[in-house]
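Next come two complexes, and both contain chain A; in the first it sits with chain B, in the second with chain C.
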Partner chain A sequence: MDPALFVENLSFSYGRLKAVQGISFHLNPGEILGFLGPNGAGKSTTIKMLTGLLTPDTGSIQILGMKMSLDNPEVQARIGVCFEEKNLYMNMTGRENLKFFSRLFGLKYCDVDTLLRRVDLAHRADDRVSMYSKGMRQRLMMARAIINSPDVLFLDEPTDGLDPVSSRTIRNIIREQAVRGAAVLLTTHDMWEADELSDRVAFLNEGKLYVVDTPDSLKMKYGRRSVKIRLGGGNQVREEIIELGAADAGDRIRELINSDNVMTIHTEEATLEDIFIEITGRGLDV
Partner chain B sequence: MSIVPSRMAIIVAIVLKDLREFSRDRLWMILTPISLIFMIVIFLILPDTVSETITLGVYPSYLAESFSMLINHEAGEFQGLEIIGFADENQLADAVLDDSGEISIGIALPVDFTESILSGSGGSVSIYVTESIPQEMRRALSSGVREIAYAVQAVYAGRSPLSTLPVVLPHLQVRILGEDMVGRQVPLRYRIRPILVIMILLIEALALAGLVSVEIEHRTATALLVTPARTGDFLTAKCITGTILAVSQAFLFLLATGGFLFDWLIVSVLILLGAGMASAVGMLSGTSGRDFMGTLFYGTIFIIPLMIPALSIMFPGRPSVIIRLLPSYGLTEAMSGVLGEGRGLRFAAPHILTTLLWDIILLGSAFFLLRRRVESL
Partner chain C sequence: MSIRRVWSLISGDLRLGFRSPIILWLLIMPFVITFLLQVVFVALFDPEPRICIYDSEESDISLALEVVEGIRLSRAESPAELKEYIENNNADLGLVIEDGFCQAVRDGQKPELKYFFSGGSLASNRIVISLIVLDVLREIENMETPVDVVLQTGDEEETIALARKLIPAIVLLVLIITGIFVPAFMLVEEKEHGTMRALLVTPVTVSDILFSKALLGFTMTVTMCFITLALNGALSGQPLALLATIVAGTVVCNAIGLIYGTLAGNAKTLYTLVKSLNILLAGPILFYLFTGLPQWIAKIFPTYWFIDPLYSITLKGAAFPEVSFKLAVALGIGILLCITVVPLSRRMQRKLAE
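Let's turn to the complex of A and B:
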């Protein structure tokens, strides 16, 4: 299977600041790649290069086998982008925003109503966007990004700061798009979301790509495989951590369960955040 | 499945979107019709005639004939002074003060003027003028009265026969530098029309600047550029939007004020060139400002120099070199000539070419800067 997105040795500098330093990766059709990194890691700069808004200093970008550039409408027609900032036309209604973009994509027929229903905005379709809440605007941004049924979808922090209902709607749409066959590049610093949605994750820090792998594989490789058991007996509460790789781990767990003193049992699986810190030496919320 | 639409379809879509946004902007939707109506009202309330005759009121009325004889002898065929006699000095003063402006100046001589002169007592002469009569004219009138006194003395003292009067003066020739507009002066209403057209064009430039700055401030331009729309389509659409806004307003104004009664083809070309300049100013202002106030600030910076040639029309004399170098000078001159004096293509052509050149320079700069700004968002 040919990758939908192929990136090789991509670099970009803002003056002396090296924002992205020689990153390479690929993205297959139907795959969701979580692009993880703290603020200033180079995620948005990478998205700008991938969507043609910035010209890389070095490296190449191929989308669906075509070279990416701002003046290549063939490529632009087949991508969808959801920006971090809510760049909608505020004086136009939600319906007008979508109809305008459908014209830019040359869509002869576009079922805007279905799209608005999908993002729970049908009841506010004819209200001006300036009257929408933050969550509603983000859902409209999502609808705009998928209006052309894109083959490659770029999503820059699509659920950042949203209420749980809006976040869930957007996550469901992302899954649907991947099932449809779209390659999805999702930048986020929400590790839970990345774990939940991504087939693979890429760790980006200070413009460098540290690792690209599946979340399970990373957890296996970097996480601790252990069980934490809380025991109560008399007035005392104590915890015992059992390494799952140890030879007597099974016997020890069985023994504690049979002791009737077990209060709680937790797996000690590493989170993506733990792994990110371990690999890059830097937290995600900085 | 999306297809790549034609560039024309993309540009039309962006222009229609811009016009829709413009129609939703309360500020411009109020400001545009108000400014248009305001300009039309200004045009209509200004006088549409020029009076080249000064009417002189004289008391007592029997002296009016003597005045006429004296003036006509000096001025020959000059019809610029009309003399009306008054039977009462108060009536004369009221006539000068009257808002109708029928009598510009009044001269009241004592009833025994001749006797007073001959007896050597002089008598008292009153000259009635309003505050609008310049100092030079007041001095000239005083000299005129003294001249009359000399003449009276000469006649009645018998120093020379009446036929030799008035005193023979050296031959005077009036030389007028520049173009003598006597007899075909342009009324204020028509002189100000080019200023109003240029003001309308530049107000619409601000409207376009607002649309451009919103695209930049809200970064909606980047959302456009990740579709099949290219930067060039975006810029072209903005230019077309600005031109449509400016042309439509200027067209309505000229329609309401009879501007198309002149050579409509030249007038239309001038409006188009002016609208192109307005679009360039709009794009430059929109590119420079970071928000509404910034856009307004830069808009004003660009607009004031462009207004100067239009304002200079109101004052007599040839504009300075600096004014002639301003981009809107050619446009203003051509509009003034065509709309004010009914001139034709021979007069307008060099100005049209200069304006076209300025349009190319300004639009080129606006395209370059706006492209850079949009692509760096």
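Let's turn to the complex of A and C:
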């Protein structure tokens, strides 16, 4: 299978500040790649280069086998972008915004109503966007990003600062798009979201790409394979950690469960944040 | 560049434009300026002398005054009504013609003639009317006037009324405000609201955006210029020359608008640019209003090359061949300015992404 997005040795500097330093990765159709990194790691700069807004200092970007550039409408017609900043036409209604963009994509028919229903905005379709809440605007931006059924979808912090309901709607749409076959590149500093949505995650810090792998593989590689069992007896509560690799691990777990003193059992696998810190030496919320 | 995408952008701008107070103001501006011009320069500074007469017997004097050109005559039904007319400043001067007045004049009795005037009337108008009345009385008395007054116009420039002289200035104002401000403002709004980025990640290119703003600005400006000329009664018998002049002027102004729009990152910077530089563009107007100034200086301004033809066509009836050279220069300036937009648009694109 040819990758939907192929990036090789991409670099960009703002003056003397090296924002992105020689990153390479690929993204397959139907795959969600989570770009994890703290603020200033280079995630947004990478998205700007991938969407053609910035011209890289070095490296190449191929989308669906075509070279990416801002003056290549053929590529732009097949991508969808949802920015972190809210950039809608505030004096247009939600419906007008979507219809306007559908015309720019040259779509002969666009079922705007279905799209508005999908992002729970059908009841406010004819209100001006200036009257929308933050969550509603973000949902409308998501609808706009998928209006052309893109083959590659770029999402820059799509759920940042949103209420749980709006976040869930957006996450569901991301999954649907991947199931449809779109390659999704998602930047976030929310490791829980990345873990839940991403088929693979990429760790970006200070413009460098440290690792690209599946969350499970990273957890296996960097996390502890152990179980923490809390036991209660009388007024005393004690914890026992059993390494899963140990020869007698199964017997010991069974023994404890049969003791009737088990209060809780937790797996002790590492979170993506733990792994990120271990690999980059820096936290995600910095 | 794609015509379909440009048209889609224009249709979006049209929808947004009619919801923008600034664009709406630009659309009604020619009407407001024309109205102000009529009030200030025609009704206030250039009114005809007004005389009100009470004449119970329809004497020869009132009949003679009726045919005099250049004054506005009204009649009162009674001396009280005439007084009211004067008090309300509806006439500069009032005249009560007593019964038998004209006969008394003919008989050489030198009857008394009373003028009533309002404090609000212009002294010049009172003098004009007084002289006209005395002239009429001489005719009634069958006296020869001591001299024949022949009206001779002076320098052609000087005989054009100030209100008419200002017509090219109003058109220039429309050109500057609509022609420059519409494309510039629309570009800056797209940048300020981040929608330009949203457009650039669709198949729309920077050229599509710039061309759509320029085309909308061009159409609006040409239309508003012709509306302004029509409102001021200045649509001459030279439609080709007039159209060519307006088109050349609009091209120059639209190109300047695109330069402003690509340079300014936000509305505040745009207003600063407009306020500081537009005064330079309006410079040639000073040379038409004050003809004593060295006229060659006007040629330094890029706007001179279409304002001068506009002045010649609307006020002097010049034909296309007479203004074609200046229009070609104006068009050349417009093309040069358009070329300048290309590197500025690349700079804008970089700034947008950073």
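By our rule, the second predicted complex is superposed on the first by the 286 of 286 C-alpha atoms of A that agree within 3 Å, B and C clash if a C-alpha of one lies under 4 Å from a C-alpha of the other, contacts with A are read in each partner's own complex, and residues count from 1 in each chain.
One rule holds for everything that comes next: a contact is a pair of C-beta atoms (placed from the backbone, for glycine too) under 8 Å apart; a residue touches a chain by one contact, two chains touch by 3 or more.
Just so it is clear, the model here is predicted, and its values are computed rather than measured.
Undergrad: Have a look at chain B and chain C on chain A after the superposition and call it: clash or fit.
TA: With chain A aligned, chain B runs into chain C, so clash.
Undergrad: Is A:Y14 in contact with chain B, with chain C, with both, or with neither (first, second, both, neither)?
TA: Second partner only.
Undergrad: Determine, under the contact definition given at the top, whether A:E85 touches first (chain B), second (chain C), both, or neither.
TA: both
Undergrad: Once the structures are superposed on A, label A:L107 by its partner contacts, choosing first (chain B), second (chain C), both or neither.
TA: first
Undergrad: Once the structures are superposed on A, label A:Q76 by its partner contacts, choosing first (chain B), second (chain C), both or neither.
TA: both
Undergrad: Applying the touch criterion given at the start, work out whether A:S149 contacts chain B, chain C, both or neither, answering first, second, both or neither.
TA: first
Undergrad: What residues on chain A does chain C touch that chain B touches too?
TA: Shared contact residues on chain A (touching chain B in one complex, chain C in the other): 51-53, 70-71, 73-74, 76-77, 79, 81, 83, 85, 87-92, 96, 100-101, 103-106, 144.
Undergrad: Show me the residue ranges of chain B that touch chain A in the complex, using the header's touch definition.
TA: Listed in rising order, the residues are 1-5, 9-10, 13-14, 17, 20-21, 24-25, 218-220, 222-231, 375, 377.
Undergrad: Under the touch definition given earlier, write down the residues of chain A that touch chain B in their complex.
TA: That would be residues 51-53, 70-71, 73-74, 76-79, 81, 83, 85, 87-92, 96, 100-101, 103-107, 128, 144, 148-149 of chain A.
Undergrad: Please name which positions on chain C make contact with chain A in the complex.
TA: 2, 4-5, 8-9, 11-12, 15-16, 19-20, 193-195, 197-206, 349-350, 352-354
Undergrad: Hey, which residues of chain A end up touching chain C in the complex?
TA: Per the stated touch rule, the residues are 14, 48, 51-54, 70-71, 73-74, 76-77, 79, 81, 83, 85-92, 96, 100-101, 103-106, 144.
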